[in-house]
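The following pair of complexes shares a single chain, chain A, combined with chain B in the former and chain C in the latter.
After this line comes the complex of A and B, so read on.
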């Protein structure tokens, strides 16, 4: 931990970064905090708890306010994947963001069923292998189609339209949200119109979702949202060979078709 | 609540009545959904098909104000079938014979006639509730806001005692208290007949304890409830009113009458975080600080202490309510208002209040504590009545059904019930300033059954004038099968078309003095295109 604090201290002192977004112990509760050169003593209270905040979402707010500055940010594997996608979507300039990487513990990786529980560069913690577990998808896929529809409609019918899934999502950075477009989804209803509310969100997660699972953690109705988006993520990998959050230079086939185009994979014709 | 919120997840049966849980207490609804996924039976008895009703195993729409009848009906069936918990009744309660006699006449046929609940469904509900391992009753304002509010609650208590569904984890009689701190505010004695911790103002020994602690004489008399205060202004008996965090101009029944009283009162002070409709009538407005701008504690609906921490400094001239009250107290020349921080307020409270006695800031920082917590070694009480009731034996109270105060007639042929939407809170003081919430809904409407809409020649989106003996408002129509024929629903959040222009302030529960927000008689007239 001292090594981590010193690293952040050096970055701040040298002026390499203007601020560092990390977590601080506030009366026993770890909360997000922007460490600065002016208050280096606050680094004593910096913590790395065994739970997560949507760090990149908070980062975006800071970047919007201080667009010229270089900001450091504590990232886990999932946050780092978000940074990759945010750079592709031109929400951040990678040269103005300095990730400080935290490798998750084996327990956290297992609890999150995380396939890559470590960032590109690790400054704290030991790298552990990812968990490749698609039992949640297999369980849904084992149901006959009509039962599967009933299952999802039952899950969606619990929704209270709190927008928690969207609000906590690192990849929900749009200025205007389709979910609030009343020509597509009627306002004032709870549950919101189903399944369209959830399907719109699922489609928008294709080529975007970095599989952090915060949506499902945040959902007060316990809708297995992550399974839904994992399926979309898996489809993107199967059909387009595209996995989000891995490589900054790789283009999202759904976002950047452009003039070059993509060859439609044969697998789509078969299904 | 007799039991704590997390316990709901482990209930085998949850009987919800008069609670629009998904809208008003969504996080409690989330526990109920978890329980259902674990196999619990969820039963909803509510005049509307609310979101939670649509997720339930059984939902029945009772006639408005018929609650005593169906609860007596359930007890009638349970006793006929021998599903009562006789050993619990014998060991833990008294007055059983009187209740047994009282419910004898509530045959399923008679109950169906009064309540509209089919007798087969009533039997099914009785069986599931009585026979489940742990059955929990969850209720809210749909039970209390009637002239029989106290009767309704006592009837639910009778039902729980009859079946022994109380005093164990995941059982109990669980009123869902409002906001984050309605429980806390009654704990603090924001009620006219108690000192903090529900100690009677009429008890001399208790009064002397508080006189000693607070250094001055205290009144031995019970004060007035909210609705009585408004009436007392009209009678010329009340000259000054100091309102904190309430907006009675929108939330109290018969707004026209409230408006007149607030104009007539000689001196009105309103302390709130926003300039409410009520605050606009005030002689003095004091700016309170919001939850994010102060330290202190809340007490949740399940009697749990929750510490809050200041995230930002109060904006503008705002101050935490306790600080403002201390300043007013000092300005009036009173002693005992020199608290350096909320911690010292809590310490005094714990000192004088037996149910809080074992709690302190250090403990509630680290531990989950539900009162009563009597001393430092007491871990608190997630559920009540484990080994005995507060008075010793649980008292059964025989109760007869009484119809609502105002029934439909030729002039006012519809029944109105009021309630909430998921997107707004109470009078909208905090939610109607939120762009995302007003984007969802920002206008009152009336829910009507398709047959009634047809008879009135109105469609969803059309406008109607709704009138009662007290006043009149104009609203849009929403046609739905989620409500019975002859019944209408209007959410009360919207001051410009306030449902409480229509509700009845004259009819109060004789004990709790709660008004009958949930039933009154109205007429509905179509407004034609030109007029609208």
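After this line comes the complex of A and C, so read on.
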């Protein structure tokens, strides 16, 4: 921990970064905080708790306000994948963001069923292997079609349309949201139209979702949203060999045509 | 149930691109080819314009089937629209299947402006396929 604090301190003191977005202990509650050179003493209260905040989401707000400053940010594996995607989508300049990597513990990795619980560069914690668990998908796929629909409609009908899943999502950075577009979806009423409300978001997550699972944690109705997004994520990997959050130079095969050219991968060309 | 199925007329939304498949549908008409009135064409400028959200909206509003048509590969007026469409439709089918909607209710076909007969044939075959599948479970 001291090593981490010193690293951040050095970055701030040398002027390499103008601010560092981390978490601070505020009366026993870890909350996001922007550490600056002027208040280096605050670094003493910096903490790395065993739960998560949507750090990149907060980072985007800071970046919008200070577009020319270099900002440091505490990232876990999921946040780091988000940074890659944000750079791809031109939401941040990667050269103006200095990630400080935290490797998650084994317990956290298992609780999150995280496939990659470590960032590209680790400054704190020990790297542990990821968990590859698709039991949630297999459980749905073992049902016949009509039971699946009953299951999902039952889940979706619990929705109170709080937009929690969208608001916490690191990948939901659009200025205009389809979920509020009255030509596509009924707006101004709750509960939402199902299943379209959830499926629009699910499809939007194809080639986008970094599988952090914050949506499911945020959902007050406990809708297993993550399974939906994991499904499309798996599809993108199966059909196009595209995994989000890995390589900044790779393009989303649904939005761009990729570096391979125009061909549709032979795997999907059966019509 | 049996009676309801006998009287079941599928409602099918066909998205047709302006340059090829809509012209194909037009030609089918000019050639006096018969195809089921269940197929309701909607003209879009390119199959790449067909947002996956349109497909979802069609199903939400009670369509029993959705037909996505565009130019053959290499013929797209905008060069690459239909390649993207194909990719999107493939992922969409998988998503529909995952939530329990039969993926056969969504179909993509490439129909050129000169293929009026193909449009009529595809429309007829797809209507029969949907008729066999029965009403969409989302039809309220």
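In the analysis below, the second predicted complex is superposed on the first by the 263 of 271 C-alpha atoms of A that agree within 3 Å, B and C clash if a C-alpha of one lies under 4 Å from a C-alpha of the other, contacts with A are read in each partner's own complex, and residues count from 1 in each chain.
FYI, contacts are C-beta pairs under 8 Å (C-beta built on N, C-alpha and C of every residue); 3 or more make two chains touch, one makes a residue touch a chain.
None of the values given here were measured: they were computed from a predicted structure.
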Three-chain arrangement built on chain A, chain B and chain C clash or fit: fit
Per-residue touch tally on chain A - higher for chain B or for chain C: C
Touching partner for A:110 - first (chain B), second (chain C), both, neither: neither
Touched partner set for A:152, first chain B, second chain C, both or neither: second
Touched partner set for A:136, first chain B, second chain C, both or neither: neither
Inter-chain angle, chain B to chain C through the CA centre of chain A, in degrees rounded to a multiple of 10: 90
Which of chain B and chain C A:250 touches, first, second, both or neither: neither
Contacts of A:27 with chain B and chain C, given as first, second, both or neither: first
Which superposed partner A:160 touches (first chain B, second chain C, both, neither): first
Partner chain(s) touched by A:221 [first = chain B, second = chain C, both, neither]: first
Shortest span in Å between Cα atoms of chain B and of chain C, once chain A is used as the common reference: 14
Interface residues, chain A side, partner chain C - complex: 137, 140-141, 143, 145-152, 178, 184-185, 193, 195-196, 199-200, 202-203, 206, 228, 231-232, 235-236, 239-240, 253-255, 257, 262-264, 268-269, 271
Partner chain B, residues of chain A touching it in the complex: 26-29, 157-158, 160-163, 180, 187-188, 190-191, 220-222
Touch list for chain B against partner chain A, complex: 22-23, 26-27, 29-30, 33-34, 37, 51, 54-55, 309, 365-366, 421-423, 436, 439-441
Touch list for chain C against partner chain A, complex: 52-54, 56-57, 59-60, 73, 80, 83-84, 86-88, 90-92, 94-95, 97-102, 107-109, 137-138
